[in-house]
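What follows is a group of structures, each given as C-alpha cells.
In the two complexes that follow, chain A is the common piece, with chain B as its partner first and chain C second.
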Partner chain A sequence: MDSGTASILVEVFFETLGYWYIIIPTIFLGLIVGGIPGFSAANTIIILMPLTLALDLQSGLIFMISLYCAARMGAGIPAILVNIPGTAGAAATPLDGYPMAKQGKGQQALAISFVASCIGGLLTTMLALATMPILARVGFYMHSVEMIVVMLFGISLIASIAAQDMIKGLIAGFLGLMIGSIGTDVVYATPRGTFGFLELYDGVPLIPALVGLFAVSEAFVIIEKRVIVNHDGEPKAPNWHDTLEGVQIALKRWVHIVWTSLIGLVIGVIPGAGASIASFVAYQQSRSFSNTPEKYGTGHPEGLIAPESANNGVTSGTLVPLLVLGIPGGATAAIMLVVMQFHGVSFGPSLFENQPKVGYGMFMAMAISYVFMFLTILPLSRYMSHVTTIPTIYLAPMIISFTLVGGFVPREYMFDMYLALAFGILGYIARRTGYHVAAILIGVILGPLLEKYFLWSLKKSDGDIMVLFSSTLGNILWVAFALSIILPIVFGMRRKRKLEVPAE
Partner chain B sequence: MSSEHHKPPRQLGGELVIPILAVGFTIYFFSTIWNSPWTAKVSAFMVGGVLLLVCTIFFVRCVFWLNRGEGTLSFGNLFTMDDIRSGRIGLLASTVGYVLFIDRLGFTLTTFLFLAISMMILSKGRNAAFITVISGAMALTGWAVFIWAFDTRFPRGWFETTMKVVLANG
Partner chain C sequence: MSMKPMITRRTLLGTGAAAASLTLASPGLLHASTFPERNINVYVPTAEGGGADRNFRAFSSVWKGKLGTDFEPGFYPGASGRVGYEIYMGKADADCYNLIFGNMGPEVLNWAMQAPSFDVNDYFYFGQVDKDPCCLFVGAESPLKTMDDIIAAAKTRRLNVGTSRMAHPASIGLLALGDKLGIDFNLIPLQGGKGTVAGAVTGEVDFSVLTSGSVIAAGDSVKTLLVFGNNIVGEALDNAPSINDAYDMDLPEMLSARAFGIHKKAADDHPDRFEVLTSTFKETFDDPALMDAYIASKGQPEYLQYAGVEECEAFKQAMLEMGARYKSLLSGA
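The block that comes next holds the complex of A and B.
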C-alpha cells in the first residue's frame, strides 16, 4: 500500500467516524429489520430510498452500509432466541444457537454470535480492501460448473443433519429440493408442480417458506412449555459473566472465526451467491473438520460461530464486484449501485483513481459499523436473552402474527401468507414426527439454484454430462468436495479406534 | 439390551405422513412435466427419483417394524387430546382466521383480535384485562412502526383508513 492510499484511508477513517450520529441509530434500525422475517436490509433501503437519495453521497452510503451490516447480524438474534432466522442467511444459525438458548445459555450464545459476526465482518472487510483486485477475479472464474460444486458443498449439509436418522433426513432434504423445483424451468419457462397457482410460477418464495417452517411451526411447538428455556436451564438474572464467557468462548475459537469468515468472503464475491449458501457451506465445513462433530446440533459454539462469521463475511464480499466491476453481488448491493449511479459515481478500477474516498469509504464505513456494533450491541445481549423467559402463551401468538405478515411483505401477495401457513403446518408435522425442518429449508433454498446452474451447464454442452468435469477450477473444487466428504469419515474412524484402544 | 425391549413402539402413523405427502407430491410433479422439454424434466426426475427411493426404503422399514411389533400405525406423536386441552387446536383455528380476515379487516384490527383471542385460548381465559391491553399495545405498535412510520404496504382496512384521514387532517 503506497503512502497516498494510506493517507486517504486515514482521512476516510476519521471522516467516517464523524458520522457516528448516522451509524448508531442505523445499527438499531438494522437489528430490528434484520430480526423480522420479510424486512431485509434491501427492503428497508428500498422503503427509505427517498431519504437515502436526499442525503449527500457519503451519508447515504454510510447509512446503507451500516443498515446492511446490522441487518445481517440482527437476523441471528431471533434465530438464536426463538428459532426464527430473520433472513435466509441466518437459516443455519438456529441449528446450534437455539439449543443453547433452550439450555439457558441464550446470553452466551448471543455474545458468541456478536463476536463471530463482528470479527468475521471486520476481518473480511480489511481483507477485501487489501485484496480487491484479486478477489474481483473470482467472479470471472466461477461459472455454472463451479457453482454446482459450491451448491453441493451446501446441500451436503443435509447429510450431516441427517446423521441421526439418515433416511428421514434424506426424505426431508429431498422433499425440500422437490419443493424448490416448483415453478417454471429456467430454459423454456415450462410451469412445473404449481397446482395451477400463478403466484408459484416464479418458484416458491423464500420468506413464506422460512416463516412457515421455522416461525409458525415453532410457535405451535413452544406452547407445550411455559417458557422457551428448559426447566433445568432456567436463566439467571442479567449478568456480565455470561456475556464475557460468551466473548471468551468465541475468542478462543478465533481460528474458526477466521476460517469460516473467509468462506463467506469468497462466496460473497461471487455474484448471485449469497449469505444463505455461505452459512450452509461454512456450517458443513466446520462440522466436517471438527474433532467433535457429534456435538453439532446440540448447542455447540462452533456450530454457531461458523454460520454467523460466514454470513457477515459475505457483506464485504458483495462490495468487491460492485466497486471493481460494477456488478452487484446481491440485492442490497444492487440498490447501492442505483444510489451511487444517481449521484454520478462511475464504477470499475477508475473509481479508486477518480473518487478514491467513495471506494475506500464504503469499506471503512463497514469496518467502523462493525466496531460500533460490537460496542453497542454486546452489552444488550444480557437483556435480549430474556425473550426466552416470556411466557409462551404471549410469545407464540406474537410470533405467528408478526412473522406471517412478514411473509406478505416481499411480494405483497395474500397468497404468500396462505403459503406461510401451509409451510407452518408442514413444519409442525415434521417437528413432531422427527424430520428436520432445516433440511427441508436447505432444499428449498439451494434446490432451485443447483438446478439453474445444472441446466445452464447442460445447455452449454448440448446435454453432455461430462461438462461438469471440464474446467480446472471445477475439478479442483470436485476434489475438495470429495475430500470434505471422505476425510471426516476417515478422521471419525481414527478417533473411534483411538477411543477403543484404552478400553481394550 | 433390556432397555431396548421396554422401548415404547414407534408411532409410525405420524412418521408416515411426510413420506406419503412426499410421494403424492412427487407423482403430481411428474405428471406436470411428463410432456415438457427435457430441461424441465431432468433435474426433477433425478431429485424425485431419489425421493421416491428413500421413501420406499422407509416404507419397507416401517413394514419390518410393524411385523416385529416395534411400531404401531397410531398418530399419537402428531395429535393427542392434549392438543385440544393445551389450546393448540384453538391457536390453529385463530391463525387460519387471522390469515383469512386480515385482507378484509386490515393489519391492526385483525392483529389485535388474533392476539387477544389466541392469548385468551392459551391462558384459558385468565388475565383477560392484561391480554386485551397487551394485544392492543402490540397491534398499535405494529401499525405505528410498519404502516405510519415506514409506510409498508401491509393489508389495510377500516382502522388504517380512518387513521390516515385523522392524521392527514391534523
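The block that comes next holds the complex of A and C.
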C-alpha cells in the first residue's frame, strides 16, 4: 500500500467515525429489519430511498452500509431464539443456535453469534480492503462449472444430516430438491410442477418456505410445552456471566471464525452467489473437519459460529465486484449502485482512480459499523434472551402471525402466506415423524441454484456432460470436494479405533 | 266551464319515467364529466424498486398533475411479467381506473412463446414512456474487441452469448444477426441484467446482449460493439453502429419500451375517460418537469420518447411476429 492510499485511509477513517450519529441509530434499525422475517436491508433501503437520495453521498453510503451489516447480524437473533431465520442467509444459523436456546443457553448463543459476526465481518472487511484487486479476479475463474462443485459442498450437508437416520434423511433431502425444482426451468422457462399456480412460476419463494419449515412448524411444536427452554435445560435469570461466557467460547475458537468467514468472503465476491450458499458451505466444512462432528445439530458453538461468520464475510465480499468491476454482487449492492449513480459516482475499474475516497469509504464504513455493533449490541444479548422464557401460549401465536406476515412481505401475495402455512404443516409432520426439516430446506434453497449452474454448463457445452471436468480450478474443487467427503469418514474411523483401544 | 286537470295521469307517468331515466343515467354523466374521481391503480408486473418502478414514479409524478389524481402502484412480479398481466387481465375492473405499466419488448415476447390465459388483443398499450434499444457488448478484458473479432472467432467455435432471458428482444437481435452472417450463436439465459453484464465481464460467456440502459450503467467494465436499433446516445454506447447500417439489414428496432396499457373493453366502454387518459398522457411530455424527473430516476434523457396507441400497437404486433418467427430457437419447442 503506497503512502497516498494510506493517507486516504486515515482521512476516511476519521471522517467516517464522525458519522457515529448516523451509524448507531442505523445499527438498531438494521437489527430490527433483519430480525423481522421477510424484511431485509435491500427492501428497507428501497422503502427509505427518498431519504437516502436526500442525504449527501457520504451520509447515504454510511447509512446503507451500516444497515446492510446490522440487518445481516439481526437475522441471526430470531433464528437462534425462536427458530425463525429471517433471511435465507440465516437459514443455517438455527441448526445449532436454536438447540442452544432450548437448552437455556440463548444468551450465550447470542453472544457467540455477535462475536462471530463482528469479528468475521471486521476481518473480511479489512482483508477485502487490502486484497481487493486480487479478490475481484475470483469471479473471473468461478464460472458455472466451478459453482456446481461449490453447491455440492452445501448439498452434501444432507448426507451429514442423514447420517443419524440415512433413509429418512435422504428422503427429506430429495423432497427438498423436488420442491426446489418447482417453477420454470432456467433456460427455456418451461413451467414444471407449478400445479397451475402462476405464483410458483419463479419457483418456491424462499421466505415462505423458510419461515414455514422452521418457524411455523416450531410454533406448532412448542405450543405443546410451557416455554421454549427444555425441562432439563437451564432456565435461569439472564446475567452478564452468560454473555461473557459466550464471548469467551467464541474467542477461543478464533481460528474457526477466521476460516469460515474467509469462506464467506470468497463466495461473496462471486457475482450472484450469496449468503445462503456461504453459510451452508461453511457449516458443512466446519462439520467435516471437526473433531466432534456428532455434536453438530445439538447446540454446538462451532455449528453456530460457522454460518454467522460466513454470512457476515459475504457482506464485505459483495462490495468487491460492485466497486472494482461495477457488478453488484447481490440485491443490496444493486440498490447501492442505483443510489451512488444518482450521486454521479461511476463504478468499475476507474472508481479508485477518480474517486478513491468513495471506494475506500464504503469499506471503512463497514469496518466501523462492525466495531460499533460489537459495542452496542453485545450487552443487549442479556435482555434479548428473555424471549425464550415467554410462555408459549403467547409466543406461539405471535410467531405464527409474525412469520405469516413475513411470508407475505417480499412479494405481497396472499398466496405466499398460505404457502408458509402449508410448509409449516409439512415441517410439523416431518418433525413428528423424525424427518429433518433442515435437510428439506437445504434442498429447497440450494437445489434450484445447483440446477441453474448445471443447466448453464450443459447449455454452454451443447449437452456434453464432460464439461463438468473441463476446467483446472473446477477439477481442483472436485478433488477438494471428494476429500471433504472421504477425510471425515477416515478421521471418524480413526477416532473410533482410538476409543476402542483402551477397552481392549 | 270545466277545467282540465293540470297534470294528467299520462303526463305524470311520462314525467316520472323521464325523471327516473335521468336519475339513473346521471351517475354515468357525472362520471364522464369528472373522471377521474379517485386514484388510478397501476399494475406493475415487476418488483418494487427496480427500473420499471423508478421509471413509473418519475412519469406519474408529472402525469398526476395533468390528470388531477394520484396513481397507486401495485407490484406483481414473477414469470417474466406474466403474473402481473394475468392478475391485471383477470382481476382488475375494465373501467379506466386500472392500468398496467409494462414493457412492450420482453413482456410481449412472452405471449409468442407461451400464450397467456387471456386474449392478447384484449389489452393494448396507449402510451410509451421511453424506448431503450438493445445492444451487443463485451467485457472490458474480453479478447474479442471488435465485431470482426467476434465473426472470426465464430468461424472456429460456437460462441456462447449471455442474454437476460431467451425471449428477449436482444436475443432476437442476435439471432437475426446470426441469420444474416450465417453464424450459429449459443444463447445462454443469465437471468436478468445484472447476471448478463457479469457474464460478459467475468468471461462466463464470450459476450452478451442486453438493453442499452443497463449496459450504459455498467460503465467502463464493458464495451458496446453493436446496437440493435439506432444509437442515439453516441459516446455512451461507445459510438457503436446500428446493426442495419453495419450489416445492411432492415431489422425493426429491438427495444425495451415501457408503456402504459389498458383493457380494450375499458377504452371501448368509456371512450370519454380513455380520451382524458391519452390526452393528459401526451400533455405530460410537453412539461419540462418530466425530463428532470426522468433524469433524476437515472433514465437516459435521449430515451424518453412519446408514442401513442398506433405506434405502440405496431410495436406490439412486430414483437409478436418476431417472437413467432424465432419461437423454436427461443423456447426449445
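Here is the rule we use: the second predicted complex is superposed on the first by the 503 of 504 C-alpha atoms of A that agree within 3 Å, B and C clash if a C-alpha of one lies under 4 Å from a C-alpha of the other, contacts with A are read in each partner's own complex, and residues count from 1 in each chain.
FYI, contacts are C-beta pairs under 8 Å (C-beta built on N, C-alpha and C of every residue); 3 or more make two chains touch, one makes a residue touch a chain.
Predicted model, so just to flag it, every value in this text is computed and none were measured.
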Contacts of A:188 with chain B and chain C, given as first, second, both or neither: both
First, second, both or neither for A:172, with chain B first and chain C second: first
First (chain B), second (chain C), both or neither touched by A:202: second
More chain A residues in contact - chain B or chain C: B
First, second, both or neither for A:398, with chain B first and chain C second: first
Partner chain(s) touched by A:459 [first = chain B, second = chain C, both, neither]: both
Touching partner for A:412 - first (chain B), second (chain C), both, neither: both
Chain B and chain C contact sites that coincide on chain A, given as residue numbers: 186-188, 190-191, 412, 459
Touching residues on chain A, where the partner in the complex is chain B: 44, 47-48, 167-168, 170-172, 174-175, 177-179, 181-182, 185-188, 190-195, 216, 219-220, 223-224, 392-394, 396-398, 400-402, 404-405, 408-409, 412, 414, 417-418, 421, 424, 426, 429-430, 432-435, 447, 450-451, 454-455, 458-459, 463
Contact footprint of chain A on chain B as seen in their complex: 14-15, 17-19, 21-22, 25-26, 28-29, 32-33, 36-40, 42-44, 47-48, 50-51, 54-55, 57-58, 61, 77-78, 86-88, 91-92, 94-96, 98-99, 102-103, 107, 111, 114-115, 118-119, 122-123, 131, 134, 138, 142, 146, 150-155
Complex contact set, residues of chain A against chain C: 42-43, 46, 49, 139-140, 143-144, 184, 186-191, 198-199, 201-202, 271-272, 321, 325-328, 334-335, 337-338, 341-342, 346-350, 411-413, 452, 456, 459-460, 462
Chain C - residues contacting chain A, complex: 47-49, 54, 74-80, 82-83, 86-87, 113-114, 140-141, 158, 160, 165-167, 186, 188-191, 194-195, 197-198, 201-205, 217-221, 296, 298, 330-333
